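In what follows, structures are represented as structure tokens.
Look for subunit A in each of the two complexes below; its partner is subunit B in the first and subunit C in the second.
And now, the complex of A and B:
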């Protein structure tokens, strides 16, 4: 049983860790592949801090003799999915990274002339209907997954951004004696190769989140191994004494025990890798969807195994086994050859150990709490989390002991007195499993509170942001103007143009919107900070609104100044929440936007109309303008689609949450099973004194349920603290937004009941065994024949 | 007759066969009487004690306690028997480690609903445990623990006290002192004592001495 527990505990720990590592490694490999294939790692790039680069600028650089290749990048919806579209000049784009069709029947003329061609990796366009695409699509395994490439002319048309260039690749081979780029285009920024791996940086926080979860699961698994290894060595003390009494050197005994532990770690590591692969393969599609949805990161949903992943898994298994077994090995080392017969403990000695542990826990918590003040940043947020979690885990045994002591003092009757006193005396053997349960429950409460807070806030936020009843996307500016004119002619209560331009704000790419002055914005827009008369300031062109991400990253708040484009400075009138968008965003009045940017598309607008008239208006629009059904979306559809993206985001977190709770329940079960041989001599006298086996079995069940219940209660404040750190520290650092914390008592109750069930399930097997144990087996306790 | 063991047999499974331990064992014990049972190791002394205390079942024969047959008793009734008229003292003592000396002393009596605080207080003095009431078993010497185990059984005020090598782990002087105390207590309370021992010296101090050999009592 101990062998199985040890191997299974270590395999679970290694498995969950390896699963997370497999996902991270796969995603990073995809980023690197994308960066490599897009030339980010090979070529210097030229970009403009103030927004898109004009074609004139490109022409000026080319005329000066520089070999550069223009790239236009944007997001595009194709067949109901969102992709990064990369338009490149196929004549100047470096051959080694240029897309090539897998089949030879695509000529350069097909690519360069209308309708053009789209290139995508076979994995990217799997299940995509060709008929739903505006341009024929061909497969090319040289295109990174998640990205669609095309000629820059086609991209301009699809993105509706004529004459715009996002960046230029500076080719490796250049003529001699060229004038410096800084002289030709002083406003452009030259970025060296390998310095532009933005995707990797952007998604670092997500991967750090996953790694933290992996580490937590690993730690919970190690609790199991620590407990089991300790017990296994404890029970072999007699054998070790005998061997030493027979003249076997202590060093040899220690080496043999370590070799044994190492072999077990290798076996468990192998099992863990298999388990890790299965978990990673199951979770990766959702992770890929999350990364694509949140960051537009090109991650494939399929898993390829890396040698370093194997090495890391086995290494963690060995290190984990050694870490978990060190304490037990140390005790064997200190074991005297001769010793008094073992005596069951009252728990007096453990009370002192609990106090020491709790002191260490307080120190860890204080260290964690001081980190954000001293260091700041995402890593310090995680140090704070780790300090809180581990500190609380270390304080748990003392807290439990005190709670049980309080109850014990009020207990009436011999059985109740024994039950509570016995419960307290069992804490040393069960404390590791209970710590694991505390961590799992607190994580569930913390992450659950975060996710539910997010869901609630996001739902409310969508209601505010998506106030228009219909959202229309015309096929061209001309069509857009015709529709707007028709709508304004008494068909709708109001038409709210959605017009935007791409720019750079505070050295980050950002999108700037122009809006008309309307009650829809004044009444609904979710502002989190603002100056007085904020909407008047926006309407008269003296104020700009920025999103929370931009505000937090640039530490820009109402009253501060910001430069939305070169030579244009505005006062920030307000900051609005903007969940689910990694980039910066700003809002000015529409006339101001149009005066600052040329060629702003006029294809999208929202329509205000009474909800009961909306379906009729939609039908009329489709009929009168021969629009495709996808051109008009109603409020509910967009909300559903947005919520679906966010639900997917938390699928992985939810799955890891459940796995961690499962591991913790398993920890209790293994502790109870491994303690079984020690428990029987404590229960048999009770039976001899007149308690039935059935009653004892029920009390055993109750013992586990009570411990899980009290641990569940103690996990609540820890879980809420965890939720606060996630919402107020980790989220802000990771995504740039801060969410209000909502409380969900019913969820806590459900989780607490789940903890009680976990305790009951874990104790069910030992209790059943006790209930069915024949008297002869119990009598062996008294006969000393065991 | 308080205890009447009638032609009891008991076998244990050994590999593919069975090994007879008791083969028609018979004995009787009157109220307030003391009886020693001796025999070689593995002769079945402890087994007979376990049968009498309703801890284990027998294959055939009957055991009557105060005229009541034990074989038809349910698990719950047997447990009630051990909380009432019958009490045991084990060689390993089996005190409850999480309870104090005082709690251990009162535990069995409280389980059986027979707690008498004045009696417990008297026992503390008579057992020489004054000042040790709030200590835990691990903080006591072997002799002190043995006295607590005996006190726990006596506090129940059973009609029959069963003792399995109660002084087996003690030196001769301490063993004599503990035995003196036990005999004193059972005689004072009118309790019958059925004691299993290896020691002829201890057996000689009982009212009667029986020997178990080849599964039979002589």
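And now, the complex of A and C:
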């Protein structure tokens, strides 16, 4: 039993930690590979602050001798999904996109002349989906996952952006004696190769989140191991004493115990790795889907393991066992050879220890709280989180002790007084397990509150944002114009063009939309801050709207000025919420956009029509213009798809949440078992005084439930604080938006009941043992005393 | 093999037997490309320009130079055009691809650079009048109204740069039958003319500093759709300028049999005489190991009809063009019945 809990505890801890590590490593590796393939971290790039670059500019740079390679990037719908399409000049692009020559039968003429070829990783687009593509697809594992690459000539046709270039890579090898680039193209911006890549920076928060969870799981696991190791040594005390009395040197005993612990740690670590692999493999597809959906980050859904992963798993297991066992070993070392087994109540001594712990806890909390003001940034958010959690955990024993002594003071009757006093005296042994429970419960409340707030807010926001009944994407500008004029001819209540240009705002890439003045926007658009008559300002071209991400990153709010493109300054009229989008975005009136940018595609628009007529109109559109089904999406479909992405985001968090809670109740069980041997000498006198075993067992159960219940109550404020930090600090730092906090008391109640259950289940085994204990065993306690 | 190598390889494949293996004889231009015909009359300046309806074409300039330091130098400037389809197209949609090779050879150094570009966007191309051929910043450009007789030439790579002025001292030379140059017994042919008599002067910028140079230049112009026969495995091509003022262009196309040779003798006055298969005899005297291949570095070249019997030796064994499709190209010295300098190109030694 003991062996099983020790191994299981360590295995659980290692397993959860390794799972998180495996997922993180896999994702990071994929980003690195993608960044490598896209050349982001190897080549400097040239881009234009005012939108796309003309081909003539590219030729001008080339004819000045500079070796640059053009890239045209855009979004494209393929097989019912949306992908980043990267068009490169295959003659000058410094990396390979076509598969090995002997792997695919594709000639330069196929690639370079219409219809061209698309290249994608086999994981990106499945074979079965290839029939529906407008251009034949060649699978190539040289293309990063999640994006589609093609020749720039094919890309400009598919994206309907002839003669446009998004950016240029400045190749590593350049001829000698070149004139400076700034003399040739003074308006273009040269960006040095990036040390880290964008994706890993963008997704850092996500991985930090996972890592935090992993560490939490590991910490909870360590509590278990600590408890079990304590138990193991506790039970060995007699044997150790005997051995020592027989003259075996202390050092040898210690070494043997260490070796035993080491072997157990290795076995448990191995089991943990298997467990970790299973958990990671089960969660990775969802993680991959999340990362793709939220950030467009290419992550493989399949797991590839590195030797480092094994090493770190086993290492953590060994370190964990050592950390947990040190305390127990130390006790063995200090064990006086001739003293009887302890049965003392450590109540008074522990009160001082609790107070010291609580002081440390307060210090940690204060440190955590001061961090955001001192440092700022995502990491400080996590430090705040860690400070709050650990500080609160350290304060728990004192808080519990105070609560219990309050109750104790009001208790009537000898039994009740004994019960509460005894409960308090048990705190030192149980405090670690209870801390684990507190952390698990608080995390559950915090993360649960965040997820639910997110879901509620996001649902409402989608309703506002997706006000049009149908969304249409035409294959070309020309087709777009035809559809638009057909629709405007009495077929729809209103046609709202969705036209945008790519630009840079506050030193980051952003998309700027042009809208027509329509009630749809005035009635529905989700503004979180605005000047008076905001929509009039947008309509008359004096105001610009920016999304929350941009507002928070640039600290720009209504009334401030912003520069949406070189030499163009606007007053911010409003800020709107824009969840699920990592990039900056802005909105101006359509005529203004068109006057500032050339070649703005006119392929997308929203259609307002009474919802019951929408399906008919969709059919008519598909028929009249021979559109592919993917060209028209209705509101409901888009909502479902968007919500699905967000649901996936939290599947992982939810799963880890449940696992952590499970591990925490396991910790209580092991603590109770550890205390078991010490417990008997304490219970035997009560039995001798006439309390039945059944009654004692029931009290044992009650004890555990009460502790879990009080811990659960104390976890609530901590959980809410955690939720606030997640919503107002971590979210803003990692996604750029802040969510309103919603409270869900029913969820708390459910969780509290769950905590009670956990307490009851954990105590069930010891209670049952007590209930079934032969009276002789209880008597023996007194016999042993003598 | 990366995309560039892959495409460069393919471009040159058109001129090598490898691709020819897949060709089913002369009918292979069913893709719609034009094929050369005997009796066609070349027209200038129009034919200095590009012929997009033919599959391949090149502007090939080599120069043997002497520096103010007394050392011999060789310079190469080549622009290849290769069409995926027989039309021009605009922007990125063009099927016309361009490749440039530039090199400077000294006794102990060989500097090479390569450029690839799409036609249609202006990054590379050739205009007939006024004549200009370019890829990126490399340029062969004529003074207005001089056809191709007064040129400036420039190119640069990571380690070298050159700027040369060329002035023609003789007439254009049409090879074969008035420019219709047969390449095999099966009748594969190209249009081929040269300006073999440029006086060259200018500056080479090398890692050790600039060198003023003067010497002789030779421009070859050739276009075709399918110049080789399926069993031809490579060629050895010579452009020799003798101290007597005479010149000779000669090539051997190697195959499983005796091969196919062709030569043009150009007198000091610029008058030329073509020699068909068998008149020219070239045979390797000594091979050397260069870039992992055995390549002939000394040749015996004889054209008995002109009393020519010379030995041709490479100035720098390592004149290896380590480009998308690699080959050997470099300056040579001539000794024997005639003396002088020239250029040698060898392909297909794998």
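We adopt the following convention: the second predicted complex is superposed on the first by the 699 of 786 C-alpha atoms of A that agree within 3 Å, B and C clash if a C-alpha of one lies under 4 Å from a C-alpha of the other, contacts with A are read in each partner's own complex, and residues count from 1 in each chain.
FYI, a residue touches a chain if its C-beta (ideal position, glycine included) is under 8 Å from a C-beta of that chain, and two chains touch if they have at least 3 such contacts.
Everything numeric here is computed off the predicted structure, so don't read it as measured data.
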Inset, instruction - Answer with first, second, both or neither: which of subunit B and subunit C does A:746 touch in the superposed model? - result: neither
Inset, instruction - State whether A:153 touches subunit B only (first), subunit C only (second), both chains, or neither. - result: second
Inset, instruction - Determine, under the contact definition given at the top, whether A:246 touches first (subunit B), second (subunit C), both, or neither. - result: neither
Inset, instruction - Would you check which partner chain A:107 touches, where first means subunit B only, second means subunit C only, and both and neither mean what they say? - result: second
Legend entry - Which superposed partner A:91 touches (first subunit B, second subunit C, both, neither): second
Legend entry - Contacts of A:58 with subunit B and subunit C, given as first, second, both or neither: second
Legend entry - Those residues of subunit A which subunit B touches in one complex and subunit C touches in the other: none
Inset, instruction - Name, in rising order, each residue of subunit B that touches subunit A in their complex. - result: 12, 46, 50, 53, 55-57, 75-76, 79-84, 88, 90-92, 94-99, 103, 106-108, 110-112, 115, 136-139, 164
Inset, instruction - Using the touch definition up top, name the residues of subunit C that touch subunit A in the complex. - result: 1-4, 6-7, 10, 84-85, 91-93, 95, 97, 113, 116-118, 121-123, 134, 136-137, 156-161, 205
Legend entry - Residue ranges of subunit A touching subunit C (in the complex, touch as defined): 55-56, 58-59, 62-65, 67, 89-93, 95-98, 100-101, 107-109, 112-114, 151-153, 156-157, 162-163, 173-177
Legend entry - Touching residues (chain side subunit A, partner subunit B) in the complex: 343-348, 413-415, 417-418, 421-422, 424-425, 681-682, 684-695, 775-776, 778-779, 781-784
